[in-house]
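Shared chain: chain A. Partners: chain B in the first complex, chain C in the second.
Take a look at the complex of A and B:
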């Protein structure tokens, strides 16, 4: 068992949870204004791909991430326009977005790089690993916390920032109000649509970062469908965490740990197809504990609340 | 004059919702607007609150002409509105609900200051609330106080109350009227929109009556009567209801020791026994939330009881499906028309067909022509403003939808009818029609179980009255000796009577 649990496991869990956490925070923002975003997976995939494209053309991770944010934001805006202005069903648009992302990235991969399945180039630079001064010298804690990509730290900071925004600022208070009762918010002159667009756009940015962490942070390559359902796991994390930043972080930690665990299990002569099942099995198990049906209601009422 | 609206007209296409309406309000005055559904009350208030623009006419506040592009403008000019359906955030606290839109603090929301300000406000106007309580945990009466404090916090001098007593218990109505009196003494003015004439008479100084978008009278409350007001509202004198003594025959519904589990440890319905005979109307009075809803749902087969039996015409139907209940001789005017009574996105013809579909079909196909003919007939008979039978149900006003459901359920011609809140949100003209139909059904030998939170309705229609309190029947009164006082006392668990 000692080989099963060690510090490196937690270290890799932190790396694994980052894309899930970033996307789940985006999902939480959307859920809080009545847009149940099932398109996290697609947005994340576009983020991962465009980060690689940006990296290929600009040769710089900062520019790559900026490019990725730009691309995903475009899709998020399209998503928002369809749901908010044209009052399309959020779930349907979300699924369409996922299918579009899968097709578009595969197609673009072939046209831009002339490869099938995966694109890898040894000249591409991945995200830097930050050694945190002071903390890296602390035993145990340093081993776990230090030496990650900046996005890992950003994700953790964003949890706190979102908590502060929601529960301590006037803007966040109105944001929550707009989601809690859009009709009442409108009667007070609160621009509900503006908050909905804001949430969707912020979700796009977060999904872009999540994708970039996948394609530039863990490995430096893109493979077709590389998000592998992480967007849906993020969706479950959103629900399990009741769309609160802290709850979402805790749920993401669980899933990140399971992700890391499944890789570790492969070293134990277990068939890899079996071990890869672990995070998803845990997701399904988690759904059993998730008895709060409010989200079903939210999803159903999202059509009306976006009016 | 604090507020003066002159020559206000509003057209929606060909429909003239408001025609040349004049209305004014003095400081410290309660000036009520009464009228039937569709008379133009709501349109006029939406114009005053900046939610609609008038087609013509002017609004002056303190002598200066104003134009409101949206509710924010109206709020800035000291107009506050308490909507019929409260505009509250259920998961937020009372203080948060009151200060929203004008929160203390710059970027950071200073919740401590918010609580202090709400406490000061509540003290100043003598309206008691707990600033820390969450809205979900507050009864409706308290929620309304929160709404009033909210508009006061926004600096309102003119407060519009839209159908304020619809959801309140008699006790809460008393408290509301008291609060209105206190506030007018401090110089606040009220526009009271209502169709409950007795409340208008006791609260208002002046009353403007609207009919079909026009003012048909402006009256001093001290110099008018409910009869005069209803005549101006409906446009004709109301016929005095002709109610013959009941001639009850055999038992149609027999409920024995019926229990329904509640959400907490207490049962929602606690071994209730009752019966309804053919040719009588049995009324159930009670403050809403004392088990009436659950009782009705168990009697109509919508939920399964935890114990006891329900028999219709001698056949035991306990635990059967709603369809089997209906087949055994039940029709049901449900208490919440949107939850149980209609589908918002269905057409009027479809909503009117629900429950009749098996009788109107042929080989499993509905025959559109027959369906539409039937529904059109009801539309005429009940004067339902439905446009065409192909209109969507959600475009009907609440009162018109209610009439459609009543027509549909009475047309079932079953021996037993449950009428739950049959006239909720319905104006007096329609109420007259519905009451008449219920009585006619009774006289034809129907058994009717009437549940209503309106005591006046219970007293007017019932031959026998049962009072429910905390899931139990706590009293039974005969038509002759039931009074509003006796019922009110029983409704709050005051005295047990058998």
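Take a look at the complex of A and C:
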């Protein structure tokens, strides 16, 4: 058992949960203003790809991340405009965004870099690993928390920031009100649409960071469809965490741990198929304890708030 | 006159979506260094150019239509079943194994295999429905998660216990099924098979069920207004289990048809790679879960994909051009233009009920 659970497991769990956590926080922002964002996967994929493109052309991770944020924000704005101003079906647009991202990244991979499948270039620089001065010397905590890319720490800070924004600021209350009951919020003079655009844009930025962590964090390369369902997992984390920052963080932690755990199990001659199932099976088991609202209540609340 | 105005207004959105899709495609073609007209001509030829290409489009459309119908019946009843991918994989796997190991005359085994495929997909889907009805576990999440478990399980089955060890060892796939069990082709030497007829029968049956039967009316009522439906005496749990079984069963039949009529074995990852499940769900969403509209939408979405393959074969433009056009088209197709928007606001949001 000692080989199964050690500090490195938690260390890699933290690394694996970061993209999921970042995207899930974005999903939570959208969910809170009544936009159910199925397009996390696609936005993340665009983020991962544009981060590599930025890295290739600017040769600098900071510029690469900025470029990635710019690109994904553009798509997020399009998403928001279609759903908010043109009243398109949010789920349809979300799934279309996933298809568009898959097609567009593969298409661009072949036209920009002339490769199929994956792009790798040894000249590209990955994200730095930060050793945090004081914490790294603490025996247990240091091994877990130290030596990650800056985005990992940013994700943790963002959980706190979002909690503070939601529950301790006036803007956050208005944000939640705009989602809870748009009609009532509008009658109080809250610009509901402005909050919806803001949420979508912030979600784009978060997904860009999630994608950058994927393509620049652990490995410095892009492969077709490299998000591999993480966007959907993030969506599940959003719903499981009931769109609150702390709940979302807990759900993402569960996924990160199970992910790291499943890789560890592969060392025990288990077929990888079963170890890969572990995160999903555990989530279903966890859902047993987070009951859904009664569908009657669900229907009643959807009757009072028009989207 | 008013009727014509309504018709043109309802066609305005799709027409604009198609125009924008083609425009985005043109930009992509220019960036890739191709000629726009030539590429689109190749695309048309790749999808409908000859009887062979047309039937191969129809062949690919068969599972997509079935998955779409399955999604449509669930959406109509207000149950958001996103688990088609896993249900289809289990249906395909179950059909392949039945066809391999059950003895008997070919056509009987074929029918039994399809029924087993339907049962496998249907039960997997009804399991998610049961968890929602009994333990109030969100259907949307469970169906999404069960996808991964089902596809991984199917991959395991053909990678270890039922792996084809006779041919090239590298592929994870089951053995080839006996050709007495293969579903007959519609035209000699052409890809489309009898599964297409089954899909069309299912389409008509679903249309009749939804519009002409009591149970279909209850299902639509549940989708339109669950409170009213329950108040009116509809029992939600049996309805949910039944609808989810039908929905997953159609996805299972899609997998079974693909195995028995087109691939003749269960090949790991082949359903996921072709994106049958999500295209089918998309078709149902685009057609607002109308059975006949779903089938038509499925056919055209698939035509864009097969057209893309024609483009890749004959020009330098990558086949993903089809995906790009398809995605842009879908992005804009549910857009409501100003006229519709004002009216909708009064009625409330009819699409909101599906979520």
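Following the convention adopted for this analysis, the second predicted complex is superposed on the first by the 279 of 307 C-alpha atoms of A that agree within 3 Å, B and C clash if a C-alpha of one lies under 4 Å from a C-alpha of the other, contacts with A are read in each partner's own complex, and residues count from 1 in each chain.
The rule we apply is simple: contacts are C-beta pairs under 8 Å (C-beta built on N, C-alpha and C of every residue); 3 or more make two chains touch, one makes a residue touch a chain.
Please read all numbers here as calculations on a predicted model, not as lab measurements.
Asker: Which holds for A:281: it touches chain B only (first), chain C only (second), both, or neither?
Answerer: second
Asker: So, does A:187 touch the first partner chain B, the second partner chain C, both, or neither?
Answerer: The answer is first: A:187 touches chain B but not chain C.
Asker: Name the contact category of A:271: first (chain B only), second (chain C only), both, or neither.
Answerer: Second partner only, chain C.
Asker: In the overlaid three-chain picture, which partner chain does A:96 touch, first (chain B) or second (chain C), both, or neither?
Answerer: Touch partner of A:96: chain C, not chain B.
Asker: For the overlaid complexes, name the partner, chain B or chain C, with more touching residues on chain A.
Answerer: Touched residues of chain A are more numerous for C.
Asker: Considering only the touch criterion stated at the top, classify A:168 as touching first (chain B), second (chain C), both, or neither.
Answerer: A:168: touches chain B, not chain C.
Asker: Which partner does A:110 reach: the first (chain B), the second (chain C), both, or neither?
Answerer: second
Asker: Using the touch definition from the top, say if A:232 reaches chain B (first), chain C (second), both or neither.
Answerer: A:232 contacts chain C only, not chain B.
Asker: Which part of chain B faces chain A closely enough to touch in the complex?
Answerer: The touching residues are 70-72, 75, 81, 83, 86-92, 96, 100-101, 103, 105-109.
Asker: Which of the residues in chain A end up touching chain C in this complex?
Answerer: Contact set of chain A toward chain C: 36, 78, 82, 86-93, 95-100, 102-104, 106-107, 110-111, 229, 232, 235-236, 239-240, 271, 273-274, 276-277, 280-281, 283-284, 287-288, 291-296, 299-300, 302-303, 306-307.
Asker: Mind listing the chain C positions that touch chain A in their complex?
Answerer: So the residues of chain C in touch with chain A come to 28, 31-33, 131-132, 135-138, 140-142, 144-146, 148-149, 152-153, 155-156, 159-160, 225-227, 230, 236, 278, 281-282, 285-286, 318, 320-324, 326-328, 330-337, 341, 344, 348-349, 351-355.
Asker: Which residues of chain A touch chain B once you look at their complex with the stated criterion?
Answerer: Residues of chain A touching chain B: 168-174, 176-177, 180-181, 183-185, 187-190.
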